[in-house]
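This is the structure, below, for whatever I ask next.
A, B, C and D label the chains in the order they appear, each numbered from 1.
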Amino acid sequence: MKAFVYRGPGEKSVEDRAKPELTSSGDAIIKMTKTTICGTDLHILKGDVPTCTPGRILGHEGVGIVESIGAGVTRFKPGDHVLISCISSCGKCEYCRKGMYSHCSTGGWVLGHMIDGTQAEYVLTPHADTSLYLIPPGADEEALVMLSDILPTGFECGVIDGKVTPGSTVVIVGSGPIGLAALLTAQFYSPAKIIMVDIDDNRLNVAKTFGASHVVNSKHANAIEEILAITEGRGADTVIEAVGIPATFELCQELVAPGGVIANIGVHGKKADLHLERLWSQNISITTRLVDTVSTPMLLRTVQSKKINPGQLITHRFNFNEILDAYDTFAQAAETKALKVIINF
Amino acid sequence: MKAFVYRGPGEKSVEDRAKPELTSSGDAIIKMTKTTICGTDLHILKGDVPTCTPGRILGHEGVGIVESIGAGVTRFKPGDHVLISCISSCGKCEYCRKGMYSHCSTGGWVLGHMIDGTQAEYVLTPHADTSLYLIPPGADEEALVMLSDILPTGFECGVIDGKVTPGSTVVIVGSGPIGLAALLTAQFYSPAKIIMVDIDDNRLNVAKTFGASHVVNSKHANAIEEILAITEGRGADTVIEAVGIPATFELCQELVAPGGVIANIGVHGKKADLHLERLWSQNISITTRLVDTVSTPMLLRTVQSKKINPGQLITHRFNFNEILDAYDTFAQAAETKALKVIINF
Amino acid sequence: MKAFVYRGPGEKSVEDRAKPELTSSGDAIIKMTKTTICGTDLHILKGDVPTCTPGRILGHEGVGIVESIGAGVTRFKPGDHVLISCISSCGKCEYCRKGMYSHCSTGGWVLGHMIDGTQAEYVLTPHADTSLYLIPPGADEEALVMLSDILPTGFECGVIDGKVTPGSTVVIVGSGPIGLAALLTAQFYSPAKIIMVDIDDNRLNVAKTFGASHVVNSKHANAIEEILAITEGRGADTVIEAVGIPATFELCQELVAPGGVIANIGVHGKKADLHLERLWSQNISITTRLVDTVSTPMLLRTVQSKKINPGQLITHRFNFNEILDAYDTFAQAAETKALKVIINF
Amino acid sequence: MKAFVYRGPGEKSVEDRAKPELTSSGDAIIKMTKTTICGTDLHILKGDVPTCTPGRILGHEGVGIVESIGAGVTRFKPGDHVLISCISSCGKCEYCRKGMYSHCSTGGWVLGHMIDGTQAEYVLTPHADTSLYLIPPGADEEALVMLSDILPTGFECGVIDGKVTPGSTVVIVGSGPIGLAALLTAQFYSPAKIIMVDIDDNRLNVAKTFGASHVVNSKHANAIEEILAITEGRGADTVIEAVGIPATFELCQELVAPGGVIANIGVHGKKADLHLERLWSQNISITTRLVDTVSTPMLLRTVQSKKINPGQLITHRFNFNEILDAYDTFAQAAETKALKVIINF
């Protein structure tokens, strides 16, 4: 089968690989129908994720059709259309039993990282019963690709941890795909104001069409004053960090109201300054989270009942034989205005 | 009346001052019977708290007897024995209505800071109805002095924000009075293990008698390994920072388990490094809090029902005319083994 | 001044009464600009509320302008446009301090019940600082009349206690004004399905325009089966009782899913059967609540940010000299299709 | 093997039965070492549980040693000492994924009910990985038998659902084994008062030694007044129903404070009156729950750290060949003063 393979920092290739085979009673083999590319895949290609070794098939998102199942799989059968979660969860370990699937002792984020992933014609998914979701007949499967990772990540790490509530004020720093996923899902809770912050005016324009009440370009000298003015000088109840660099995390510290939350979605590569000399008395909390995907069944219901349209995040479509173009388009988002790209098999 | 007055960095004096007079309908004048000294008072004396200006009578803790009340005071009458909260709360503003008394728009921590405090024969308390607590007849008033500040601070900032639960594992970094207050109140929730950390063996010995299951001297080279071993390598569910310097906050980051909380009680004077490059995926939260004293009524009930004995924190007693000695004793805690000192009027 | 007065069961009159005068330092006198009629007012008129004695001016809802204030009032001044809460809250007692204003030891639901109410040209409001809300300039004051009682009641008693969450399934039994207020505010949390139940097709049609995903007329023989079918046989996560009779409360018991909640908004006059022989193992909860109006500031923000339009509930408008007609129209809602009626001064 | 078998209403026997064999990849066979008898077993014997058919081996509690495992079992191996949960949980279905194991779509309370149980030399446990718990070396295995059912039931259904908090007031109606289990575990949260109610003075005496602050015999005419007096006339924050008959449930309604909770542990056979005409405005909640056993790992930790001693509940010990005597002793608890009886294999 054809597969997209990481070959070491800066090196990638499309290769012929053997079709995976069931190795454990909980496994399933999925014939992929749609996948996508994540910002994390770009990090891997740069060599920023040393736990991902050369030769790895990338990809941790997508939908497909069950091809075969291990003896212990009871909730799926060949032919089922399934959504693949970016997080594999055994359902048995202490972490899984308390809903922290991201830290599953035999799972977590392994797909396209520690084991071969979804950017290939077939993928083996471990712990299939607790890591796949049945797609209801008639669903928009393309839109559901957004539920593998980006939507639960924006929702769980940003909105849930950020404790967004009706009538509250939310700032989201970063209007890339992940910030926009937080913007879409924050609206589940009807905050009074959602202020999107970015340095790219195109992305801020997209944010307006996705439901932002205010947008602020943080390149401008008085961006902090501008945001504080929108919050009547108090700062925001929820500040969501959706970039992942020290500067934006420190910006968040300027924007949080007493009693508020800074919820990190961003994947950070460096330490940052925490201004405890000011924040110690501000009754705030700061959260970090690798997505658990516990919200996936709920998100499926909200998509089915049209409370949210994650298909809005999709800007480009490719066939799998064009995956190198897809990577280029996604990597050059400032020029191509790409958010999420769909790759069809 | 006699009063203990801050006279600028390094300068303090006992002075004759005019007895306070009611200025607002919500005020009460309290004749002090017992007060104490807080670590914050020492910070003020060093000049570390610029919002406290020379000439200020210090002190934000104590018990006394209502001497007179303003026209709007309905819950107290002259002669009532009362506990004075370190936080003044109007009960009306947006912050007070949501239980965040520390940020009361006309109160908060003002006593012995923005207005004259309790280290004097009389004190004026603003917002008396919502900042004083009636002492039940027969109560141990000396022990209740611990409920002005240190017990609610340890409990709210450390134990509540730290989400201590039955069967969980707690580390408290710092075994001074505030860490010990957290230790006492953490036991309300029956954690399986409470590990106290300090560099003073005497304080660690005290911690053992207060209910710590383990103590670790962090001067030792392998302290982190030692603590992690007690938690079976996972780290603690709750890590309480009760010192207030970058080194101890950074130690906390080494000790928190995935899914855990770092709850800051410490008053910080400097920024600290936050290791987001490691913590971003650990599903943790970090909290800060200036005590709200919302828990005071509950703490009163637990003292009355003998679920806790805050009198254990008291090591020394002085008369008010010995207050300079009391300050010396408290300031040289390493030698004097002082925890909390009581000053009687 | 003119006032609408309860004169004993079945007896009502419009009378000349003395304008109220300030009696306590926390009081305010409000010149009414708009009021409305509540179902509770009809109950009083029937003699169902014995704590309300003849001679009482009715009414616990409305907006007006501050005419004068007591010496202790600090948050309002004459000329301020204010929303009057149906619940008076002292802000000081144990219940108020924990947000249970409905049980304020010197307040609660007293207006138009234990003391004279808002269906008069002027009203005295006790505990003004903590029972009135400033109306922002430019606000739609008519719509805000819905925030005195019906909207916080539907929201707190139905939606908050009912734990409505994104993607969940909600049944609201009763599509009168209070059920519709629950319907409007349930949408703050983006449930996947909201099923409205009533025996009046007109009200069900209104419910559809207010955002119900499904409507069911419970006069039909197979109503229960119909509702269960919409929930895939499981029952609803949240069932809101918005009628107040044993039959509808028992219907709710048929409709709740395992793990779900039955939230009572209805004012009940009789005991009901609780089918513990079936429900004991269903992991459900049942809640009751007299509104606390703790959510009023939040509701004001959602109205100001256009997340909700409570003006939709207003079907009729009268001048105060037509108040007897207003009562007739409201009392004969099945014929007049009245929901809420506005009375202008 | 020898087994205790239900033979129809009023009929029981000890029989020779074939040793169970693995049928599914998730099964384990456990060689029993200790079991016990539950009140539910007595109900079955009376014919009150029609879903349990004649021929069934009873018992849903106990500890034992893993004899053999199915191919899909990964967390246990032959020779492991294990605690058997009364609830079987697949870990995969929608209910299990949200922690509601009691409603597992292929499990729940099946042992000794829908499938053969633990009152036999060997038992087959389905979903072994997610329904058994490893017993740490050196643990008191007899005490751990209390963790199969009674301790998590008292804790989850009574204490957790009842929202017991530090400084609060708790009433437990019923001082049998289950009420006493609630009493033991309520102390995890340091309530100020725990009032035990029963009609058996012996059980009330036991309750005192287990930590009750007050005991009241409800046969006395003024029991309600007596209890209310202990709560200063307010009623209790938490009222736990641990009997399961209409009279005691109705008593609970008299004892709950405004804002309080009535948590049902009792297994009810009949409907009861719910006095909504009084309770509608009292801001209370009523909960029901079949135990989920989600708290078992936490309870294991509290036993290991000696925060609780469930062995206190054990009053009698028998060998399995005396099981008929054990049933007699347990059934005649008023005379024998039996709480829990241990049956050794």
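Basically, a residue touches a chain if its C-beta (ideal position, glycine included) is under 8 Å from a C-beta of that chain, and two chains touch if they have at least 3 such contacts.
Computed from a predicted structure; not experimentally measured.
Engineer: Both subunit C and subunit D are touched by which chains?
Structural biologist: Shared contacts of subunit C and subunit D: A, B.
Engineer: Of the pairs B-C and B-D, which shows more C-beta pairs in contact?
Structural biologist: Higher C-beta contact count between the two pairs: B-D.
Engineer: What's the distance between the Cα centroids of subunit B and subunit D, rounded to whole Å?
Structural biologist: Once rounded, the distance between the two centres reads 41 Å.
Engineer: Report the inter-chain centroid distance for subunit B and subunit C in whole angstrom, where each centroid is the mean of the CA atoms.
Structural biologist: 42
Engineer: Multi-chain contacts in subunit A: which residues touch at least two other chains?
Structural biologist: Touching at least two other chains: 297.
Engineer: Would you tell me which residues of subunit C are touching subunit D in their complex?
Structural biologist: Listed in rising order, the residues of subunit C that touch subunit D are 95, 98, 100, 102-103, 161, 244, 249, 258-259, 264, 266-277, 279-290, 292.
Engineer: State the interface residues of subunit D toward subunit B in the complex, per the touch definition above.
Structural biologist: Residue positions touching the partner: 165-168, 187-190, 192-193, 213, 297-302, 304-305, 307-308.
Engineer: Give every residue of subunit B touching subunit C within the complex, in rising order.
Structural biologist: Touch list, subunit B to subunit C: 25-26, 71-72, 74-75, 91-94, 96-97, 99, 129-130, 294, 297.
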